[in-house]
Amino acid sequence: MKVAVIGIGTTEFGENWDKNLRQLAIEAGTKAIIDAGIRGRDLDAIYLGNMSAGRFVGQEHVAALVSGELGLSIPALRIEGACASGGLALRQGIFSILSGQHDIVLVGGAEKMTDLMTDGVTSSLMGAADQEWEAYYGVTFPSLYAMIARRHMFEFGTTREQMAKVAVKNHHNGFLNPIAQFKKEITIEDVLKSPMVADPLTLFDCSPITDGAATLILCKEEWAKKYTDDPIYIIGSGQASDTLALHDRKSLTTLDATVKAAKEAYKQSGITTKGVDVVEVHDCFTIAEIVATEDLGFCKKGEGGKLLDEGLTEIGGKIPVNTSGGLKAVGHPVGASGIKQAVEIVLQLRGKADKRQVKDAEIGLTHNVGGSGGTAVVHIFSR
Amino acid sequence: MGHESSVPLFWRLIKPRYQLIGTKCKTCGNLFYPPKYLCPVCRKEGKLEEIKLKKSGKILTFSIVRSAPSGFEKETPYPVAIIELDDGPKLTSQIVDYKPEDLKIGRKVEACFRRIYTDGKEGIINYGLKFRPV
Amino acid sequence: MIGIVGYGGYIPRFRIKVEEIAAVWGSNANSIKKGLDVEEKSVPSIDEDTATISVEAALNALKMAGIDPKEIGAIYIGSESHPYAVKPTSTIVGEAIGCSTEYTSADTEFACKAGTAGIQMVMGLIQGDYIKFGLAIGADTAQSKPGDALEYTAAAGGAAFIIGKNGIIAEIEGTYSCSSDTPDFWRRDTIEYPSHGGRFTGIPAYFKHTVSATQGMMNKLGFKPNDFDFVVFHMPNGKFPKRAAKMLGFDFKKLEPGFVVQKIGNTYSGSSLLGLAAILDIAKPGQRILITSYGSGAGSDSFSIKVTDLIEEKRKNANKVQDYIDNREYVTYAHYTRLRRGI
């Protein structure tokens, strides 16, 4: 496959008190349209990733909202797969072009989370888990990932320090990223000493509650050079599902959906893990990055922690992970994260990632997960 | 909307939640709890029937919730765990009547009937099974 | 013959000491302990209530009885602290223990004798051959006004009794009750805590009914105190039952095995029934037990119970009341406040 990305745009990620959902979506959308050098009229369709506008701001039918605000009457679809909504929207946008149905599409992700109090957000996010058999008992997302962490520590000896290193690395990268919610460096001790949210995960092990939007403009390969000298191509896409509830999984330390989605993307693109230069993974919690690097094949199962000990996933390392700052430091407006990851990879491959630039980045990979692993979607990008 | 405050939603699951009644597929022999309505192994070839599971199990993993979802604020901190029942299926619930040293992988537990959630001053009370160390 | 086929108790594991409560109010713990003859009381967990306590007790009773819960034809639960003012605890418990839908049930209220009233109702249904087995439970998570004398004793716990004609481990030889309109202790609708008449709760209330019902029971069956190996009265504190025993001519030795109040407080509808369960845990075949409950408002139900040969084998299957008394963890007043006001 080969679909071109000709435009990117994001809002700042953070507590955007002054902006509501539609403003965030339109801001990111407009930036991407301008970056692509197209007019709004040129768009054939909109694919919007959004997890829970209904629970966060009482709004459903959000794709129609966005197309209306853009002044367009083109087909507009909202895609929902919990925190993978963005990545899934991207995949649908790609398919619409590969099918020949559309030539240029806008693929976006947006989420407005900070209008609710924390307990309301925590509850709403549990919509991504099993409402009747997990949420019913008072389980939260931090505690679900904490249970994965505890099992990972038990089976492989992963340590709290290794998990903390994920946060330290990503905060360092976020410090270099103008759109990040947290632009402050932290230490391992900061992470370990911060308040416990769900043992053993502390506040700094968890991605924050964030408002934000991100957008890509995709077009068919043949038209790419018409719009830009520097198109970046999506050359592989993979998606897989797994049981919704964590307790129904085959393993508590592997996200099978990630493994399967990655396999499909690698096969389709002809790229192997060795060929990947830069990666954006779904670090909703520090342990999630460790597990992701294993499940994506960058190291053996159980050795994800070692990658951090050896600094291999830093910007200058052998396999830079989350150069953007990840969900951890940039923030995690749920439906937007998957698109933001793609924006970062496009910036890296364009050579425009500024202080976060990975030298000679030619192949990039994004990894977006829904809930505790019920959905996973992987894309591979190339210059 | 916070927790499950719909009456029919709650009522529909009283039997499996109160009595640990799951389903068994007569075709492949697998046991499911929470109950499945279609055997995920056999799909259309599956034949499911109700089965009451033993209340004993062990902790596979656990955490302690300190930042509560709506409706559980008064109960933090409380431990949650994935428990493997002796009969095989795995489920998620809270741990009660524990000492700190009871919270460990492999600890034997048994189900007990407790309040799960109270819908404010006027709404219904949701009950269910939590697990205590034996 | 009609009698108890299985029984079971349950006491939540938290305890708070008299000293802990007294310190908060600047009272003298020793004189309170002496005056009430109580050391500590049970406190329910934040997720426990009369329904959950009843389920635990009933499951013990079922284990002991060895019957299929689907054979239970009636459930009566007596309490002053039903989770709902309108919506029966009995159906919640019936569902949780695996009953069929073919049973009659209701919740009862008569202060601390609501549970024994339930036993009498079940007895009637059994005697009339309307049902095969019936379940009667007395359970409470008693509330008390902070700083009031009752705070030292208002506790949580319950006991369940399965009555029937088959597989009897203790025969109910007879029952006798008395009732009168005596407003010694009450709680108006929507008011959070009960009120009481102070010393009026003694002679004109507790003692009058407890003693007349016990005497009436003994006269009816032609028994004297010597005919009984054990006796148990409702235990609002340690002093009242001891005095009632003395007034009726019962030796404290006969009272002692069921005298659970010192370590767990007053479990209200569960009180005399937990005492009965504690006695049944150690009684030998052929021994006879007298139990008289007391409910404010006021009335008493008295029963004469004779243990059969089946008891020793069957009671191995369930937890003993002493196990629950021994399984305890102490809480501070602050923690107690959180547990009691939380729901």
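To keep things simple, chains are lettered A, B and C as they appear, and every chain counts its residues starting from 1.
Note that contacts are C-beta pairs under 8 Å (C-beta built on N, C-alpha and C of every residue); 3 or more make two chains touch, one makes a residue touch a chain.
Small disclaimer: the values here were computed from a predicted structure and weren't measured.
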item: Middle chain, criterion being Cα centroid separation; value: B
item: Pair of chains joined by more contacts [C-beta pairs], A-B or B-C; value: A-B
item: Gap in Å, rounded to a whole number, between the CA centres of chain C and chain A; value: 59
item: Centroid spacing, where centroids are CA-atom means, of chain A and chain B in whole angstrom; value: 31
item: In chain B, residues with contacts to at least two other chains; value: 75, 116, 130
item: Multi-partner residues of chain A (each touching 2 or more other chains); value: none
item: Chain B-touching residues of chain A, taken from the complex the two chains share; value: 55, 118-120, 122-123, 126, 130-140, 142-144, 146-148, 150-151, 154, 195-201, 245-248, 252
item: Chain C contact footprint on chain B (complex, rising order); value: 14-15, 18-19, 52, 74-75, 96-97, 112-116, 118, 124-125, 127, 130
item: In the complex with chain A, residue positions of chain B that touch it; value: 1-4, 9, 13, 17, 34, 60-73, 75, 78, 80-82, 90-94, 105, 116-117, 126, 128, 130
item: Footprint of chain B on chain C - complex, ascending; value: 13, 45-49, 51-52, 55-56, 83-84, 87, 92, 95-96, 98, 338, 342-343
